[in-house]
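You will see two complexes here that share chain A, one where it goes with chain B and one where it goes with chain C.
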Partner chain A sequence: MAENAILYDASKCSACKGCQVQCKQWNMMPSTLEKDGNEFTGTYQSMSDLNGDTRLLIEFREEDTPKGIEWAFSRRACFHCSEPACMDVCPVGAISKLDDGTIKLDSSVCVGCKYCTAACPFEIPKFRENFGVSNKCTLCDDRVAQGREPACVQTCPAAAIVYGPRDEMVAAGQARVEELKAEGYDKAELYGVTEMGGMHSLFIAKYGFEAHGLVRDPKKLEITSLMAILKPLTGIGVAAVFGGLGLSFLTSMGYEREGLPSKSKKGEAE
Partner chain B sequence: MTNHFCDFKNADVIMAIGSNNAENHPVTMAWVQEARAKGGKYIVVDPRFTRSAALADIYAPLRSGTDIAFFGGLYKYIMDNDLWQKEYVTNYTNASFLVNPDFAFDGATGLFSGWDDEKKYGTADTWKYQIEKEEPWDTAKTYAWTQAPNVPEFTLPVNKIAKKDPTLQDPNCVWQLMKKHYERYTPELVSSITGCPEDKLLEVYEVYASTGAPEKSGTILYAMGQTQHTYGSQNVRAMAVLQLLLGNVGIAGGGINALRGEANVQGSTDMAVLSHIIPGYMANPTAAKHPTLKAWLEAETLAAGYWANKPKFMISLLKEIYGPYATPENDFAYDMLPKLNAVNHTAIGVFESIAEGPIKGMMCWGMNPAVSQSNSTFVREMLGKLDWLVAVDLWETETMGFWKAPGADSASIKTEVYSLPAACHYEKQGTVSNSGRWIQWRYKAVDAPGDALDDFEIMHELFLKLKEKYEAEGGANPEQLTKLHWPYETDGRADITKVAQAVNGYTVEDGKLVKNFTLLKADGSTASGCWIYSGYYNNNDAPSDPTKQPAGSRLKDDPSGLGLYPGWAFSWPVNRRVVYNRASADVNGKPWNPDRMLVEWDGSKWIRNDVPDFGFQVVAPDGTITPTPPGKTAFIMNAEGTSRLFAVGTGMKDGPFPEHYEPFESPAKNLMNGGQTNPALTFGKAASVKPSDPTEFPIVCTTYRMTEHWQTGGMTRNIPWLAEAMPNMFVEMSEELAAEKGIANKDKVRVFNNRASIEMFAMVTPRFKPFTIDGKTVHQVGMPWHWGYASGNATGSVANDITPNVGDANTSIPEYKAFLVNVEKA
Partner chain C sequence: MTRYIQRHSLLKRVIHGIHTVACLFLIASGVVIFVPAVGRAVGPEFVQFVRITHRFFAVIFIGGPLVGLVAAPKGFVHIVQNLTAKWDADDKKFMALFAKYLFAPKSTHMPKQHAVKSGQRLADAALILAAVLISITGVVLWAGAYVSPQVFRIALLLHDVAFVLVSVIMVAHVYLGAGIFQPYRGLARLMFGNGRVTEAEARYHWGHWAEEELASGKNVIEE
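On to the complex of A and B.
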């Protein structure tokens, strides 16, 4: 089966958040029912990061440059890596790769150990407290299996999110980057062609990766491969113990990933 | 809109000014991006850097309320650099018309000739053409219909033909007057008034003026950023004048495109949910000017052009409203129509009237003035003076629960409030008319919950009950209800398809739907609820089946490739997609741009991609068609047949040319003329306004909407997904102002003036920048107005507590977009 991918074009996105809301609606992800229970982020961004009930978030970053304001919009959701660290570390096999490249997280198998969150170079899978499982974008594999587009793609009014065969999406993304450069956006580049072995959610970064909060040259953590080796040898329970140790090791290292949106910028108060 | 949404793709340049289209009409970006993909430029002019600006090729900042200075400067740039579309301006506008030599403008006072402190411009008589000759109506031929039996008698108008100078050299011709008027609008002065840096100003001018080339098209997207000012009507005229100078009206990819703020607000204005008109844009009768039908017909029937047919539309409307009771003998029941007195009945005026006493009860139907109306603290105070209030909505709104507002003394409020639950748009059927005038039938998807009823059902039940009571008990003017023609039911239930048939119009004798408004008559033999809609629901084979009516049509063919989609729904009038389309071709009928052909004269007939907006053929009684060769009448709704650079006969209450004035509350002196504010603005002296002085309140404030919410938030703050998307009320301010006031991002702040003080979060951002006005720094802040105190997932301060209830000279729309405040850390 041919590999498919999403192509998100930040230069066409108006950050209307239609995709963010549609994702919640199709996947039945709730928002808080508590009156005035949502934080104020200090920007147009709905919340500071993805959470257990939010698989897709439109992010806002702004920079005052000599050329004018660069207001960089970003679609933050699972990239569906060809070499998915989350799948490597999952001790129960809840994460799998579908034929079209989609990385699926089966919540009926997930035991909520949170290793995937720790292993993901982008901290994308989030823990759903009420269900005790991890949660992330599935590329709407349920819809795709029925011959439909992912929900976010269908709802985008400006065709800033499209979906199709990955090679076509890569070609379209590269062509668009050239157009943007010709328009004067000289830092424009396409994310996901080679990152993590190639991603199934590509991102046209109008102002360059950093401006959009994308991790340049992301790598799997070393502990990830160790855990992957251990998994078949030791069985699930042991892997869980080792994994737990690994997780606390990671935490104690104070590992920080540059450019993640949860980090404040320019000394802004958190 | 003169054009429609899909048409944006045909533009060479798109200018969004007074519209934040990417945020408030996200779907528009599909066509804006299509235009850009073909090399088109997208310009955004706005006080702050918006989500639209983020996608624009050029962004230019502009202090709120200075659009006319910006446009006047652009006219001067176009005229000085000879960039106007000469053949278009000479033939399709009134540029060549000679004006009364006594017309004048006095820069020292900022007044046009004819001002009177008492009557304002009410008696101005110099804003008129010099007359060449007078032509009485030909009652043997064109106007033979006036002589038919049962057509009411009225003194027929006389067509006054203006003197013209096609060379445009006469000092009293409109063109020369215009050049003189805008001589003052230099780039230096415009920059000093607007705060837009001169180089940026000239960059925008250059790109937009390039559409003056005959084959080029430029479109303007606007919204409340233009209208909600004390000179809002002049702002809109200013854009029309610009588009005429560049030959951009009537062409594909051009026009003046108002992005309406609600799904069906176009429909609501067409149906005259306004105080000054009755359906189909006809004057609401006034006691002073229109005491009788004869007086109405004489005052309102134009001497030439299509509005000469107005008596047909008026009599057909009366026949629809009063049915068999409307007869030639009783002037088609004209006396039953309420007549306006001299009181201002607009939204501001209604609340002033409560203060003055005559209004005792109110129905708020899908409206939430406790949040949406300017100076809303005053509005809530006035709601408390009512004996009763009926509020119809989906959830409990701030208006329904106005006594629960922060600071309200609920114990002293005696108003009896009745809340009626209404069905939402997915729970009822009917039509919605979009900004592009497309009337689309919408079907019911699910039943409304609980006791909620469709608005029409509520109205139907209410009418039947009131009629029953008036019939049984009498009362003041009972006939206005008891004689009303109300056949809108089937098997005893309210039936909206019956209303659609009535709006379309029918012949009275057999009830057959008329094909369109050209068949309406002034003798009472036809009826139509809104003449401009006629043709949208005209299939006699299936009158109760909307799917078989033009408004229900869903054909996706686009033979012209211009996005006209003639088989998708019905565009009023007569399914015309681009109005004034005669102006898309030269005087010989050749399109300015053959790739964007709407109509073309091929030497013997008109080839048509759109429905022509002019007399293009004559059909004889025997069916023989004779094509009409090209004429110069491109604007058939005006008696003179041209568009107007200089407003004659439009009833503009504040001048024939748009002139810059400062907002009612402004931090700056008017540098353009000696008059500070629009002399004809309304409610400037009302005690409730409590003006805020720039010495105490030096910061300009504006209000706006966000993608995530809709209007007062009644729907969106009650849907957790949407409440979460933009959960908190905030004020956006520049880093410079925040530093001056010691405010950090996310701090709680107070925004206040003489009307109120409200608390919210601060959003400190480089997207707002201080302006340099007349050499001095002026700060501007902005707030969305989606929040309130009523139940819902997200509550917040009511932005309109601090907006002024002063109104535009012509429409009395409140000045929501530019007023003064101060800001401090809470």
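On to the complex of A and C.
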């Protein structure tokens, strides 16, 4: 099966947040109904970060330039890495890679240990407290399985989010970057082609990765690599101690001394 | 008539017993989470059950010694004093000979020891440090929804490190403490029995301590 990907074009995005709303609606993720229920971020951004009930967030970064205020919009959601750290650490296999490259978190299997959040270099999976599970974008695998587009893609009025075969999305993204450069946006670049082994959520960063809050050259966190080393190390350590003590037991067999409880009456003094 | 020395109080033995059960369960349940292949093999429902019971036993693991501390603060001070006692020549000699003793006990003569053998002082100190570390980081992980991912992942790493230490030390602790090592045969009774040791065994294992106890006669029992 061909791998698919989302292509988000920050240069076309109007930050209408339709994708954010549609994501919540399709996936039945509630939003606060209280007035000022979300903390004020100082921008038009809805909330400071993704949360247990928010899988997709449009971020606003603004800069005062000679041309006036320039906004660098970002679509913050799971990147669906080809080498997902979250999947490696999940103790129950709740996170899996589908044939089309989607990294799916199955909430019916998740035990809410939060290891995926700790392992993700982007801190994307969030804990959904009411349900005791982690939550993140699944690229609407349920819709895709029925031949439909992800909800955010379908709703985008500016066609800033498109979905299709990954190689086509990469080609389209690279072509768009060239167009932007020709228009004078010389920092424009495409995110996700090679990052984390290649992502299935690509991002056309009009003003460059940093301006859109993207981590350049992301890597699996060293701490998760250390934890991965600890597991075999523990096995080796325990096995070595077992082996050493087993040898000690063999060499101590037949040991006797005056006053030592006899083998036939273990636990009793002679 | 045999002379015994009462080495461990009932409170100490009860707390040790409770702690043993909690510790063994925590290690077993920890493995289910620590090794993803095991968790995936047993399924999410069982993992979730294990996670909840892991916390139940964690409360006992942390609470047990605290109850002991409150119930017998002098005993706790005594334990700390024994662990931090200055090493004398016999203590150093014991450690120097210990590896040989493990593999050739029939031909190795060990020096007299005080209330806690020097080797056990090291192992106990490492075990206590690992237990404190695993307890603190465990509480942080339990409160995972309220801490940042950075704090959570550091706590997770340290919890794993402490788990490695506890697992390795526990294997050795059980081997010696349960008397599987043949010269230590019968010692399991000290913590899992009546807490008494015969005069002969006391002289063999803790010569200096036995002499002090026999001289004072305070904990000596004749039956």
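Couple of notes before you dig in:
Methods note: the second predicted complex is superposed on the first by the 214 of 270 C-alpha atoms of A that agree within 3 Å, B and C clash if a C-alpha of one lies under 4 Å from a C-alpha of the other, contacts with A are read in each partner's own complex, and residues count from 1 in each chain.
Definition applied: a contact is a pair of C-beta atoms (placed from the backbone, for glycine too) under 8 Å apart; a residue touches a chain by one contact, two chains touch by 3 or more.
Being a predicted model, the structure only gives us computed values, none of them experimental.
In the superposed pair of complexes, A:L226 makes contact with chain C only, with no contact to chain B.
After overlaying the two complexes on the shared chain, residue contacts for A:E62 are found with chain B alone; chain C is out of touch. Of the two partner chains placed by the overlay, only chain B lies in contact with A:A158; chain C stays clear of it.
Number of chain A residues touched is higher for C, counting chain B against chain C.
Once the two complexes are laid over each other on the shared chain, residue contacts for A:A175 go to neither chain B nor chain C.
When the two structures are aligned on the shared chain, A:M47 is found in touch with chain B, with no touch to chain C. Legend: residue contacts after superposition of the two complexes on their common chain; A:G93 is shown touching chain C, with no touch to chain B. By the document's definition of touching, neither partner reaches A:A145: not chain B, not chain C. Residue overlap on chain A between the chain B contacts of one complex and the chain C contacts of the other covers 268-269. Taken in their complex, chain C has these residues touching chain A: 2, 4, 32-36, 39-40, 43-44, 47-48, 51, 102-106, 144-145, 149, 152-154, 156-157, 160-161, 163-164, 167-168, 171-172, 175, 179-183, 185-186, 188-189, 193, 198, 200-201, 204.
Listed in rising order, the residues of chain A touching chain C in the complex are 88-94, 108-111, 113-115, 117-120, 123, 127, 129, 221, 223-224, 226-227, 230-231, 233-234, 237-238, 241-242, 244-245, 247-249, 251-255, 257-261, 263, 266-269. Interface of chain A with chain B (complex): residues 11-12, 14-18, 20-21, 24-25, 30-40, 42-44, 46-47, 62-64, 68-69, 71, 73, 157-159, 183, 268-269. In the complex of the two chains, the chain B residues touching chain A come out as 22-23, 26-27, 29-30, 33, 49, 51-55, 57, 59, 706-708, 720-728, 730, 744-746, 761, 763-767, 792-795.
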